[in-house]
Amino acid sequence: MDVTGKNKEQKDFPGEIHETAGGGIVLSKLDEVINWARSNSLWPLTFATSCCGIEMMSVASAKYDFSRFGFEVARATPRQADVIIIAGTIVNKMAPVLRRLYDQMADPKYVIAMGACAISGGPFFYNTYSVVKGADHVIPVDVYIPGCPPRPEALLHALITLQGKIKAGLTREQIKENSYLNP
Amino acid sequence: MFSLEGITTVIHEWLNNHFSPTLALLTEFILVGLAAIALFALLGLGLVWMERKVAAVMQIRLGPNRVGPKGIFQTSADTLKLLLKEGLVPDGADKFLFNLAPLVVMIVAMLILAPIAFAKNLQIWDINIGVLYLSAISSLSVIGIFMAGWASNNKYSLLGAMRSGAQIVSYELSAGLSVLSIVVMTGSLSIRDIILSQQNGWWIFKAHIPALIAFVIFIIAVTAETNRAPFDMAEAESELTAGFHTEYSGMRFALFFLAEYINIFIVCAVGATLFFGGWMPLHIGHWQGFNQFMDYIPSSIWFLGKTLGLIFLIMWFRWTFPRLRIDQLLNLEWKYLLPISMFNLLLMTIIAIMGWHF
Amino acid sequence: MLTEDLKIQCTELLPAISFEEGGEWLNAYVASEDLKSFLGKLRSLPGLEFDYLFCLTCVDWKTHLTMVYHFTSTIHRHNIVIKAKLDNSNPEIETVSDIWRTAEMLEREVYDLFGVKFIHHPDLRRLIMPDDWKGWPLRKDYEDPVNMIKL
Amino acid sequence: MVEEIGRTSEGDLIINVGPQHPATHGVLHLVLTLNGETIKKVEPHLGYIHRSIEKMCESLSYRQFIYVTSRMDYLSSHINNHGCALCVEKGLQVEVPQRAQYIRVIMDELTRIASHELWWGAMAMDLGAFTPFFHAFRERETITDIMEKTCGARLTMNYMVPGGVMAELHPDFQKDVKSFIQLYKSKFEEYNELVTGNIIFQNRMKSVGYISYDDAISYGCSGPVARASGVHCDIRKLYPYDIYSKVAFDEITETGGDSYARYLVRLKEMTQSIRIVEQLIDNIPEGDFQAKTKAVLKLPKGEFYQRVETARGELGVYIVSEGGTTPYRIKFRSPGFSNLSALEHMVKGLKIGDLVAAMGTLDLVIPDIDR
């Protein structure tokens, strides 16, 4: 399935309108409505370790403005956040903290690894004693964005990709859930 | 003239004609309850959307615009997501109180709705001590916040709850005194009487500068009472991460979130009722022509317009002012607002006794 | 104060001092036992008053460690670099954190990365590495076969 | 001392601020001992972003290691690169062409403005005002665009190399910078209207986080933090590098020593940076942008120290060379490290809100502290 959902007809709301005598009736699958709500309401955790955090702030700023997609409700507490954007290097001392933050988040939760450091330990920091070589050694990642640091557009693209992934039912959690239901 | 009164009367009569009075009353109870809940949901969605749009305008941005036209379904998506999100209860938490706290906050917000007059003759409960009832119930919300802070077993939450307690208890005083000054003018505690007394002009115009002072104090005090910036000490995102609701997630957090906006609506509605005549159209003395012209605008529009204006004011505060520090907050109340409002009440009383108002 | 005058004054204060030629500023070697008292004088004596410790670090020379202190005076605007050789196996030196308060954190950092023990330091613990970390990462003989690629 | 439930034996509350906390601007971890709301003790724990840059530099060549320093204090990455390039040049004894010197100083000052813009927005956010952040980013994005055109990157530029700068300026550079100066001047008044003049803001800032002249020196503070206490410590004035000796600008000092003084110093510094850029932008001389250097750089045996003034204070680059192609040891004296060490002194006995206000005006960048 196409992750971005391009193969389907682009719609604001899942479901279709059936014209009947007294007006339209909206029919839609519950799953799709749930995914629609979840994908359109990704609240990020205010979490940044280094340089990429500044580009994350740029995305919040007026020029890039991720509030258009409804991402602007950045929560400082992991309990209320939906997506954790790992913006920057994760070092050995930080890894347990990151894990804990992830565990503290309520399901469903998504992870975006932003920048080379979060993907693989960085363009420079691979040869050190303290850097974790990629945040996916610590927590599962849904979307990776390359770059050092990635442009704000890239982060927007990643968030939109994540939306597409949720809508298509292809996030890690959704796949896991389905495999329980249809083994 | 279009009026909501007609609808309520029709329903009332239809029910009484078809059922026994007891059953009719019960049905009305249920209907009112459902209406109140629906109003809650609508208000929550609408006000959150409004807040995000207001913020966007202040911050030279666009705000939500992808989900539905102008992003109006953004908040629906958020609410649905919060409903479906896992509601975590921390291990060390006092589970009973932890679950109870959002409900308390919500119930309190619902209770205050009762005496508010939404339009001409559209009032859930026209209680003769309406204003007193409002003051009494609104101070209960601090219990919910305390519960949340204590039960979370989180030090940030505890600090937030402590701050909130100090804040709400103190700002209650000036809010109460500024409300009293209007009561002095009207001579009645009933919301209905207060609105009717503004038939020939709103109190903010009729009672000269003291009413203006009372209004300013009222707005400051209720901003503090609803824990809104610049008085959002209980939440204080950059200090206490999320204050008293740090440990809350999913639906329980949504209830806090919703209650905040309902509270804003209610205090603004009370402000509009006391100082701007509630649903009373803008009347000026005995200018018959002008007054009649104003009457053509439905009373519900008047009420909503005034309330939304005040809500906008409170949102404007939030997006421009930095937060106060806890001791400055208490200083402001005890050293400035309280003495001023006491003196102001005295002044208002003199005006009322001497009949110097219009 | 000119470098030459500084040199003379330092020699007066501590005859055992030795100077290293070259470099932008005056480089002086001091025995680690004399360091504390000498630095105390550098800080307080009128005319010297090196009140600003802007860099405190350590260099691992494989055979020994060298503590390097960079001082400047905000009054006289002169600079000096003081070095002290330390034993490789058991590096110990007096703390200067009671003279320059910035040294408290800087010394903790040096302790963390080089394992230099600062005697009488108020709070000598690991600052950067986790508390249970083994080894002194910035030493030349530090090896991490898991994480580091040998070039 | 710390019991399981997070209380000391005296019954004080211990709370952890960070590593993930909105006010720490990254992953600083502060352990606060509180009596009610009053702070009794602040203990910084570092290392949550310790990437061992110093160790890594020992295995990188003199051209390579500069790239890593962009990631140290990423808000003034040009200035970091500048310091390292100057230090290598000092060892190589290379004369940098005039054109490169002009370009470097202009870039430094633009970086300083961008950094202070971000600080201004973030600090206001710490105090609970969200809107200034967006207004600051409006101007900051203009600078980022200018940087992107010339350097090819928005944040970590790596533009300065030993011997000059890496590439020629973009043809639009002068035009863009001039239009930025116009924009900045037209918008600067907004900053004062929105934040500086606000009575709540002033009350939050004044006499909060006080540090005296002597303490600022003893704690090794530098940059705006020290200058707000009246310490003259602007490296650009005291030890001028490149063409700073030729440009006219004022070293901003205040005597307040509190958060408000630090705020004012930074705000006024932005105006001074604009002044420097204005003086230079029309007079960039023609010529090479880079001196001829060998492909593989070798520094002579010895020790080299270079101080530069970043947006946060004095950055020291200390290179110990054994004559090889890689440094034997590199130490970066980071301004944030020393400024942070003064935090406890500043906020003892104040409220939690003051901690945030004081920390906001310290303008900490954590990777710069941890390295």
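Letters A, B, C and D name the chains as they come in the text, with residue numbers starting at 1 for each one.
In the analysis below, a residue touches a chain if its C-beta (ideal position, glycine included) is under 8 Å from a C-beta of that chain, and two chains touch if they have at least 3 such contacts.
Note that the coordinates shown come from a computational prediction; the quantities given were computed from them, not determined experimentally.
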Smallest number of contact steps required from chain B to reach chain C: 2
Distance between the centres, which are taken as Cα means, of chain B and chain A, whole angstrom: 35
Cα-centroid distance, chain C relative to chain D, in whole angstrom: 25
Mean-CA-position distance for chain D and chain A (Å): 31
Chain A and chain C, separation of their C-alpha mean positions in angstrom: 47
In chain A, residues with contacts to at least two other chains: 62, 76, 93, 127-131
Of all residues in chain D, the ones touching two or more other chains: 21-22, 47, 50, 52, 55, 59, 133-134, 138
Sites on chain C at which at least two other chains make contact: 129-130, 137, 142
Listing of all chain pairs that touch each other, if any do: A-B, A-C, A-D, B-D, C-D
Footprint of chain C on chain A - complex, ascending: 92-93, 126-131, 133
Chain C residues within the chain A interface of the complex: 129-130, 137, 142, 144, 147-149
Of chain D, residues touching chain C in the complex: 44-47, 50, 52, 54-55, 59, 90, 215, 217-220, 222, 231-233, 238, 302-305, 307, 314, 316, 318, 320, 328-329, 331, 333, 337-338, 340-342, 345, 370
Chain B-facing residues of chain A, complex: 12-13, 33-34, 36-38, 40-41, 43, 62, 65, 67-70, 72-73, 75-77, 79-80, 82, 104, 106-108
Chain B partner contacts - residues on chain D that touch it in the complex: 6, 13, 15, 21-23, 36-37, 124-131, 133-135, 138, 194-195, 198, 200-201, 203-204, 351-356
